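Chains here go by letter, A, B, C and D, matching the order in which they are written, and residues are numbered from 1 within each.
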Amino acid sequence: MNTVTQTGRQETAAPAIELRGISKAFGPVQANKDISIRVMPGTIHGIIGENGAGKSTLMSILYGFYKADAGEIFINGNLTPIPDSQTAIRAGIGMVFQHFKLVQNFTVLENVILGAEDGALLRPSLSKARGTLKRLAEEYELNVDPDALIEDLSVGHQQRVEILKALYREADILILDEPTGVLTPAEADHLFRILENLKREGKTIILITHKLREIMHITDTVSVMRRGEMTATVKTAETSPEKLAELMVGRKVLLRVDKKPAAPGANVLEVENLRVVDEDGVERLKGISLNVRAGEILGIAGVAGNGQSQLLEVLGGVAHGTGSIRIKGQEIDLTGKHSDAQSRRARGIAHVPEDRQREGLIMDFTAWENSVFGYHHDPAYQKNKFLMDNAAIQNETEGKMERFDVRPPDPNLPAKSFSGGNQQKIVLAREIERNPDLLLIGQPTRGVDIGAIEFIHQQIIELRDAGKAILLVSVELEEILSMSDRIAVMFDGKIMGERLPQETDEKELGLLMAGVNGEVA
Amino acid sequence: MDFATVLQVFDSTVRLATPLLLACLAGLYSERAGIFDIGLEGKMLAAAFFSGAVAAVTGSVWLGLLAGIAASMALSGIHGLASITFRGNQLISGVAINFLAAGLTVVIAQDWFQQGGRTPSLVGGARFSPIELPFAEAVKDVPIIGQTYYQLISGHTALVYIAFAMVPLTWWLLFRTRFGLRLRAVGENPAAVDTAGVSVIGIRYAAVAICGLLCGIAGAYLATALQAGFVKDMTAGRGYIALAALIFAKWRPWYALSSTLLFGFLQAIALRYQNIDLGGFVVPVQFMDALPYILTVVILAGFVGKAIPPRAGGEPYAKER
Amino acid sequence: DPALIYDLGGKFDKSFNEAAHVGAEKWKADTGNSYNEIELQSEAQREQALRRFAEAGNNPIVMTGFAFGSVLGEVAPDYPDTKFAIIDMVVDAPNVRSVVFNEHEGSYLVGMMAAMASESGTVGFIGGMDIPLIRKFACGYVQGVKAANPDATIIQNMTGTTPAAWNDPVKGGELTKAQISQGADVVYAAAGGTGVGVLQAAADEGILSIGVDSNQNHLHPGKVLTSMTKRVDIAVYDAFAGGMDLETGFNVLGLAEDGVGYAMDDNNAPLVSDEMVAAVEAAKAKIVAGEIAVHDYMSDNACPVK
Amino acid sequence: MERMPKWADVVLIPLISLLIAFILSGLVIIAIGEDPVAAVQMMVKGAVGSTYGWGYTLYYATNFMFTGLAVAVAFHASMFNIGGEGQATLGGLGVAVVCLALPWPHWAIALPVAVLGSALFGALWAAIPAYLQAKRGSHIVITTIMFNFIGASLLNYLLVNVMRPVGSMDPATAKFSEGTHLPTLHDILAVFGIPFSKAAPANISFIIAVLACFGVWLLIWRTRLGYELRAYGKSEPGAVYAGISPVKIIMVSMLISGGLAGMMAVNNVMGEAERLVMNSVEGAGFIGIAVALMGRSHPFGVFLAAILFGFLYQGGAELALWTSIPRELIVVIQALVILFTGALDNMVRVPLEKLFLTLRKEDV
């Protein structure tokens, strides 16, 4: 398969990278199954796939971070076993991981030379790197202060450091794993400019992303992964987002949600001037005011890290803040002894957290133990003053699992042995069946397969139609647009503006998310 | 307190601080590389025994020193195996090593020497003897400076000078060399080191080995320099105090020097003054004995500034969950 | 078989327990019989050791150290057919022999020698544990020092307050150095295994020391002035020799019985002048004769001289 | 999907680890020129060969049950309490205070108060490290170690200067009065006509320890508090999300843990010595770590492991008595058990997991 690259060079050259029959299992999980792929030099090759499809694993194998159980790697046509990252670097591969691999309290310079020092003493390496960095910065628009500590840099800048690390090691092949998840649209655009530059220099780039828009925008070819397998590799020019989505999920996808127009009632939640300062003393919420009415879904859009998480946490009683929160007109205790999550639940607030594995569930607890998590004080679950009524809880859980179609419907399995979608259903069943006045819900469909997504969306809409207030936080603009009755966009701890879904589009929201063009609410 | 007494107390401080300093620096290497080590005590104890035993048998203190280092490094190896290779709980491994040393030293000592868990007393070349620095004798009567030089600076065993020299050396190694950069990085974010193409395991083992080496010297100092032979449990909690000093020192070499000197000073005072009379109120000796531990708790509670340990400390590095 | 239980510190403490060991070994060599022994590791083991030996039919059972007192008081009635001997403590039971020594008398003699050997006029005392028994040593010593040199200064330290203090040579050594810095040039250690550290430090620093319980002169020939011998070996030997018919009751060993004394041998001969020997012998005679009454601290828990 | 069956995790792995520890211990015995088979025979005979031996084995086991439970309860809340030694020491103080405070007419009245006293003092000694961990983030492992030392010094001071009867040379309290003497197993079993050695110190505390095992089981797996404790132990963010206060859990779990460790004193101080002596805990606080690790923090596992260690302890004492193998051999065995069941767990686990994985693949 010879691909015509956009630069038109070397039409029959050997692929820069060829993987053959790569397999990798983590214990019982088969993350990669017999994967083969070819990436031509001087191209940008996209890889897409749902969460857990095995994208990061595959790239980590290429970078020598994991060892494959089977398979071969060819670099520029030569069989090149890559047992460790050292070998990968020598073979000219650089990788920017989904989670950055930087030493937080080192300077940029120290991070760049780490592992690529010349000689046993630091001083010469440092001065040499300083020069090289300056050159690279000019060449590729990659400006960072070489003496800044990583922990003082923004995510965007940290990412630049990662790219600089790869370039400093003279990488010809650059792998980027979901580089835009943490970037504002403007930062993402800057990154794409850099990638174009690199490509022009003849470098080969592999880009993992969830955003079909980005794939269509920048890649030459795209590979689709599903459940550890490589399902297709196509030229970007010859495909469409709809086709890619279908390849990803394995069947036709319904992107729109069916719902009746909202019939909002009285205010359930009123928030005024809410502020949060985190442990490091950084102000994460800078005076948020909003309200949610009964029978209404308020969607909060924003790039991850702009305070949405803090908003959910304060409302849910997980974090502390100042300001005022009223539920059905009654003031909520924000700092005193009733400021914990338990008290919030008592006031009719249910909370589906953004990170179900870290917060929403105890992974080692059984499904039935998890199904009362947070509500374990409810008298219905007590046998007497001292003992819990485990049998009653198990019984109830069986019913919930059936109604929410959790598979397998076994209350005695530990949470960790359910798939992501089913874990999410356990959490949703728990929170929704409490019939709360206000449901806080973060990233409801993160890592959930498309079938489950439809079900979850339906449940949320049903709750709305039952006259409950819902605050929905999601980084997926599509989800926000299709689910919300009103949309508020957050940027840098503030609300940049409010829109009605039918009166706005992804472009306008994207600008608001980047902090431009909005009247500060 | 007259000047001579002050000198004496400081002299005693230096002697008592030396094993703490060595053990503290040992812990520094290990913990800077992300391996917590509460087994300093056990390693010192093992080294004390083997150095004492071998010195007693061979009559050579240097062979003793080597044996002590070897024993300590062997325990380091176990700690490395448990916490690096098998990714076990570092605290539990440290506890086990302390017990192992406490038990084995006595069992072996009893088997070798039948003296109730001690080694024979060391004499002559089986012990480190004090080194007289140049001109010490000549200036010993010069007030203040000469006295200080003669009494306090001169006249310690080689290991004391080694211990103090380790401070700048450690600083240089950690902050001025490639090895130091990698070692510190591995304690902060091992994944960063790994993806930079450097072996995390290699660096961590190296750090743990240096830790063993220094603990070995510390133990040998106890049995062959400070004392003339091994007696059971002779480390008497020094490993834990060293650990406390390490936290106090915020994992930095120069601070380690001052914190171990402080603890050495406390011990010297407690030794010299049994019941300290503070104008009517007598501080009981038990309080003085417990003071280093109390101080540690106070430090840990953050009343004397916050100590932030290396970020990846105590966490085994596992790529695959 | 008879049995012997050593107190904490162990049988090779070069001092108290070792003296007991020597006595037992001598009995073994003399009679060709065997005996059982155990070294205690912890306070709480005392009762088990006693009972175990008694259950196993060992007789008599000898134990060294006052700390067995209360335990023995309880165990002895349970084994009326077994004979017990306890050293350094009085236990009132029909099947127990209690052996105590007049340590104050022996300490008085070595105190005199210390005062006479001292050039600085300052001598030191390092006790094991701060208990009346050791105060008894200290008080006798002080009286002896003052008798020979009324102007002498005596520095006193106790190693600790727990049994661990019997076995802490490091601390013993440091205390010695501290005393030296305060001017002491003769130091008397009544501290069991801790004394090893005291004698070592004294030898290292070039001053004289005085050993205790066993003859410790040989530990640092020419550096140990003398040793206050306490013939625990004799007490043990006698108890073993008594066998099952061991005479029970109260047994005091003082200067008169040669139960305590000062050690002279080749190792310390150059250190001890004839004049010293003469003075000490004279005092000894007077004590035996009752002309000099050395105050026993334990009689009223107080010492008349400081 | 689980990597391996549960029974392998809770039974097989500890057994294999234990086996390795014992084999190595055997090698140590051989290395010092003794016969391991004879040594084991002597240990078995000494520890379980007579009611006297059983009496001591169960006496030690009682201590280890309390300290093992203490470590286990804290483990469930992901606290590593190395302070059992100090807490048990202070528990002894509590027992002594109770027993010496009043002329108790009968043990049945003194016992509950002594249990409370010991638990209270033990809990108190755990409370400070717990508070510092909860509020100031001080590392509980280091603070509890420090509190072991501080506790020893405190007790030392009290025994020497305050609680020692006038004229006594031992740093120990006076003998407790007759009314506090607990019935031994000899007394208890005599009621049923079963003969049992009079000399052995095992006493009614053993029954309390067994009840404590049951109580801890109820607490951990049947109560709301246990539920919260385990939840916090598995995930702190999860606990906060559920409205479980970390401060409360840290405090409560450590108070219970310290209380259990302190209760050990009812056995050794009130039941055996009948007075408070120095270092009466004899390392039982540390052995609790090994016991909890081996017992996988489950009360029933703790019960079994405590009996095993009681056996080792008594057997080891016999060895020390009749052979030249020092008692420290037990410390070596203990160290190896901690090492293999605790720190080197993965050495056994990983190959086993692989084995089960391949077995399962073959089944499919």
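Annotations
Keep in mind that, in the parts below, a contact is a pair of C-beta atoms (placed from the backbone, for glycine too) under 8 Å apart; a residue touches a chain by one contact, two chains touch by 3 or more.
On a predicted model such as this, the values are computed, not experimentally measured, just so you know.
Chain pair with the most C-beta contact pairs: B-D.
Spacing of chain B relative to chain C, judged by their CA centroids, is 35 angstrom. For the pair chain B and chain D, the distance between C-alpha centroids works out to 30 Å. Chain C and chain D, compared by their mean Cα positions, are separated by 38 Å. Centre-to-centre separation of chain A and chain D, using mean CA positions: 46 Å. In chain A, the residues that touch at least two other chains are 27. Of all residues in chain D, those that touch two or more other chains are 156-157, 160, 328.
Multi-chain contact residues of chain B, defined as those touching 2 or more other chains: 114, 117, 286. Across the whole structure, chains are in contact as follows: A-B, A-D, B-C, B-D, C-D. Chain contact summary for the complex, chain B toward chain D: residues 38, 78, 81-83, 86-93, 95-100, 102-108, 110-111, 114, 117, 232, 237, 240, 243-244, 247, 284, 286-287, 289-290, 293-294, 296-297, 300-302. Of all residues in chain C, only 10-13, 39, 157-158, 160-161, 167-171, 173-175, 177-178, 181-182, 193, 196-197, 200, 219 touch chain B in the complex they form. The touching residues of chain D, when paired with chain A in their complex, are 1-3, 218, 222-224, 227-228, 230-231, 234-235, 237-238, 240-245, 353, 357. Across the interface of their complex, chain A is touched by residues 175-182, 184-185, 188-189, 191-199, 311, 319-321 of chain B. Residues of chain C that touch chain D in their complex: 36, 38, 41-45, 47-49, 51-53, 55, 66-67, 69-70, 78, 89, 129-133, 161-163, 301.
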